[in-house]
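Next come the structures, one after another.
Both complexes shown next keep chain A, but they swap its partner, so chain B is in the first and chain C is in the second.
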Partner chain A sequence: MPTLSRSPRPRGFSVVAIALFLATALALAVFPSFVAKPYVMHMGVMLFLAIIQGQAWNVVGGYAGQYSVGHAAYFGVGAYVTMMLLEVSKIPPWWGIWGAILAAVALSAIIGSITFRLRGPYFVLASISVAEIIRLATLHFRDFTRGAEGYLLSEIPTLHLFGAEIVFVGKRPFYYAGLALAVATIAANWAVQHSKLGYYFQAIREDQDAAHSLGIHLSLYKNVALAISAAFTAFAGGFYAMFVKFIDPNIAFGLDVSVQIVLIAIIGGIGTIIGPVIGAMVLVPLSEVLRNPRGLVQVGVLSPDSGVVTFIERYLSNAHLLVYGILVVVVILFAPEGVLGVIRRVVAWGRRRVAARGASPAPA
Partner chain B sequence: MTVFLQQVGLFLQYSLSGLLQGGVYALIGIGLTIIFGVMRVINFAHGDLLMLGMYATWLIFTKTGLDPYVALLATVPLLFLWGAFLQKVFINRVLNALPQNQILLTIGLGLIMSNSMMLIFTSDYRILTTSYSSSSFDLLGLSVSQPLLYSFLVTAAITAALFWFLQRTDTGQAIRATAQDRDAAQLMGINVRGTSILSFGIGSALAGAAGALIAPTYYIYPQVGSAFTLKAFVIVVLGGMGSIVGATLGGLIIGVTESLAAAYVASGLKELVVYVLFLGLLLFKPSGLLGKSRA
Partner chain C sequence: MAMLEISHVSKFFGGLAANSDVSFSMEQGMIMGLIGPNGAGKTTLFNCITGYYPPSKGEVVFKGTRLNGMQPDRVCRLGMVRTWQKVRPLAKMSVVDNVMVGALARTSSLRVAREVAQEQLRIVRMDHRQDFLAGGLPIGERKKLEIARALATKPELVLLDEVMGGLNTGEKEEIILLILDLKKRGFTQVVIEHDMKAIMRISDRVVVLNSGEKLTEGTPREVADNPEVIAAYLGERVEG
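So, the complex of A and B:
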């Protein structure tokens, strides 16, 4: 049954999985002490960012089954509020980002109350138009948002944390901050999945009408899912603005942003914890290498005069979204349950083979 | 009094320009609504098909100097074949998949199209300037832009031909029957697969024709499609998904709305106004102005 195989097995928790997760996090935390090349750090930060985005979308898209293609709205609000609080009001980002999250959650309540009355394709269209409305408004109301000119970050103040001074220069502080945020997001996602809330979300995904008849308040729980999702997406947006140091309406609110967020979850496998992580691991290195192949030279994978670098620079760096497009088409046609679905199918096939080789022939 | 008359004149002027623009919008909407009606697939690559039409027209114009409206004779068949190919190879495989997977597939195809064009032609803005690009006629004191008028007339001709085709020919009836009830149509001996390929081809050809028609008045660049995709949805939902008459009306309404919003609200906000109206419509009458409400 395809619908059942899609849902995770949330009962109880696996000690092995948690141990593996903590070990990976720890390994990533000590990683910069060995490899500190800026390109590797950059890749790491982008990877963490994508994981946060994918996990955040997963709450509303994967568990609750509401395919929002307008998450750029929350990402952009996160980026803009954090940036404007810093640049205009001189509020440091570690306080400002809470304002951004608050704004995004408030926005999600408004958007949710409008769009969740719609289902299926109508919901998708409504979510896109809301993000477009915000993008166009940001472009138009120049006095408030600086319009197409965007915001350039001047300087992040020094953070005094437990007597230590953290200066946000270079990529390393962002690597640690991103790692911490990604771990926190995954933990939160896990908590949601294993709570009553998570069961409600999944019930809504599988059959709205059945969930409703069981007494689940549809619009309330869809809104809760969206609020959680919006909060983490805004977090990602604020973090992105501080890391990249420049935002404009298209970077923050563009349709591409929404599509990429959905792709991270889809390509990995929606409705699971590990799915967005896999999706990020597939998409981020691919798009980063295509965007800046010189980095591979810096790391030493390719020699500077290698033909690959010039080929990518000349033909592919302008069109890294082409690869996204091809990936989506391939995934939808051949692996609609994402990379994770393929892995599961291969594992199941292997198990069947082993079982068939055992004493009794397996029943069909 | 004179001020009042002047205001009325201006209002008529904006409405007329909007109406002419709306003709092309109708064409985009009709294409999308045929695809949705027959396949129940929401085509997110529709604007990119239009973009291909623009590039084809621009290419023919710069290489041979052929007038964009004459070049339609080449661009329309080209886009028809391309659409039929997309349907046969890609869309046919997801007809029974989840709607979100269909949406993602068409988004992916759109990304492939726009980014391939970027690879070939770079993201530079192209302009196609004809001898009449900025000239206009005078109609009872109102100025009528020549390219807009021509495109409106061609649109009207294409729409009329399409209506005749769908109402009067066997193939057209097969398309309408498939749109009404796919299974029943199949039981009646209609080649549903072939009809689907034909329908996507027609939808794509209409988008391509619209692209050719607006090529003389718009900037041509690889990402131009996405704005039109969203607009096409607004038009189609406005008229009722699957309704061709609805899409025609929807296109005209959106054209006029945009033109008036640009004049009386702000030109930067004309699309925003359209989307806000769209949200309102989705909430209060999701079946569209002409659509029957589905239980």
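So, the complex of A and C:
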């Protein structure tokens, strides 16, 4: 039996949400002035990257409902094209990344026009295999891609911006660039969601046949969703390559890249603006701790001889995929709408409690 | 020129003829009732007309344009829209957003689409529901949402697939009045319905399908008195 419920999403402009968003961005902007530890900066950049990835996936996965588990293809193309344009053609990354985005969008048009004929699990499988094909091709065509050897970044030229010189040394410039890109991505996603595109994407997610009957050109709008998603994912890929300074086919095109991108959105709550932000805040620290528990010591959360560090190092050091897997199961079983869904339920429950207390007369 | 011209439409699924050689024609502003026992091919015919299946044989011509093989989204833009027998609400979107999706077929402005949507919701008397999730509506309101959403695409021809199925008497009456009101406003309608009383009241003409073939066509009175129609619904009289 269906139950009537109000739509959780408030319509139109939410002043509070925008104020909160700007305040957070501002706080993050001044944050390095107080805490400048390289490890903290590193975590910040990884967080921004994950937010961009999660937002990007959300366009095609969360809104349009097309669960691509092959976003490593666009991430990798973003990383490789940006890196190769810099290393081979000496084109600075702030120009090269646009070439990378173009390449990823072109690739998305090819992949989309083939795989969007499929629905549901078949689409998921096709998206995985396409990304794998590209990874294997990158390994194979050594003359062009250097194969498994990968690319090591030599130097990013100095950027002259509004008369200022920006030298990309250390973590800080990346922190600010990452923050700006994350803010821009969130804003762009907000704009997409509050447009005809956003409505059409959601209609396709909810019921393709109904959407089709209401005048929506299914393959066109699915491809538009994928192109937007691919563009931002390639942006993240190019930025990542410049930040970590080394890429190879596994780092750029690996299946775990695709899985992690999906997880950011699913854990946070798909189909929402704030979801991927929450997902990134859960997943990035988790994966960093699993990969390098000594980081916690550097930030001062744990003492060097704490048993936790030794435990993680001994038993979980290569188990991040296992932990992701468990996380997916837990989220799907207990929180299908992600962390955001849990928060909403708790808030609604709290409101009902308060309302019930206010309504019931005091016991005599 | 006829608004809709169906000539010799057949649809085969493998060896099974879901429709065979169905023809009828409709003028602007009329209501055509489409009846027939379960499995007669009524919904298949809707699917052939609106582009979900290309007809295996025959022609569908709408306002002079041949539709065969044209995709449903283009058919919708041409001004023909259908509702679904098994309702298809966009469950996780609000009621007004559902109708806005329909309205966006004619505009890119969300503001305009919202106005159109709210107007359509007022017409089906669901404006008090606009901020509720479509997935939670009871069946009567889901059926009305289907109609509001279809009307928001600004159609000339509306195909209603059992919009009264599963409704109580009061709700049926509301839908009947809505259909008659649409007729007054100049819409052309094809109505699939099992409720014979309702069909008799609203239809200008009735087409009867049986086992995929057109059994007969005529005014509601003619069709109701036709012995072949009675036989199709109730079976042949057993002599002996």
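Keep in mind that, in the parts below, the second predicted complex is superposed on the first by the 350 of 364 C-alpha atoms of A that agree within 3 Å, B and C clash if a C-alpha of one lies under 4 Å from a C-alpha of the other, contacts with A are read in each partner's own complex, and residues count from 1 in each chain.
Keep in mind that, in the parts below, contacts are C-beta pairs under 8 Å (C-beta built on N, C-alpha and C of every residue); 3 or more make two chains touch, one makes a residue touch a chain.
Since the structure is predicted, the reported quantities are computational estimates derived from the model, not experimental observations.
A.B. asks: Considering only the touch criterion stated at the top, classify A:D209 as touching first (chain B), second (chain C), both, or neither.
C.D. replies: The second partner, chain C, only.
A.B. asks: I'd like to know which partner A:H217 touches here: chain B for first, chain C for second, both or neither.
C.D. replies: second
A.B. asks: Of the two partner chains, chain B (first) and chain C (second), which one does A:I97 touch, if any: first, second, both, or neither?
C.D. replies: The answer is neither, since A:I97 touches no partner chain.
A.B. asks: May I ask you to name which of chain B and chain C touches more residues of chain A?
C.D. replies: It is B that touches the greater number of chain A residues.
A.B. asks: Please indicate which partner A:L333 is in contact with in the superposed arrangement: first for chain B, second for chain C, both, or neither.
C.D. replies: Touch status of A:L333: first partner only.
A.B. asks: Once bound in the complex, which stretches of chain C touch chain A?
C.D. replies: 50, 52, 71-74, 76-77, 81-82, 84, 88-94, 97, 100-102, 104-105, 108, 110, 113, 131-133, 135-138, 149-150, 153
A.B. asks: Help me check something: in the complex, which residues belonging to chain A touch chain B?
C.D. replies: 67, 69, 114, 117-118, 120-122, 124-126, 128-130, 132-133, 136-137, 139-140, 255, 259, 262, 266, 315-316, 318-319, 321-322, 324-329, 332-333, 336
A.B. asks: Given the complex with chain C, which residues does chain A contribute to the contact?
C.D. replies: Going through chain A, the ones touching chain C are 2-7, 9, 11, 194-196, 199-200, 202-203, 206-207, 209-218, 271.
A.B. asks: Residues of chain B touching chain A in their complex?
C.D. replies: 42, 90, 93-94, 97-101, 103-105, 107-112, 114-116, 118-119, 122-123, 226, 230, 233-234, 237, 266, 268-269, 271-272, 275-276, 278-279, 282-283, 286
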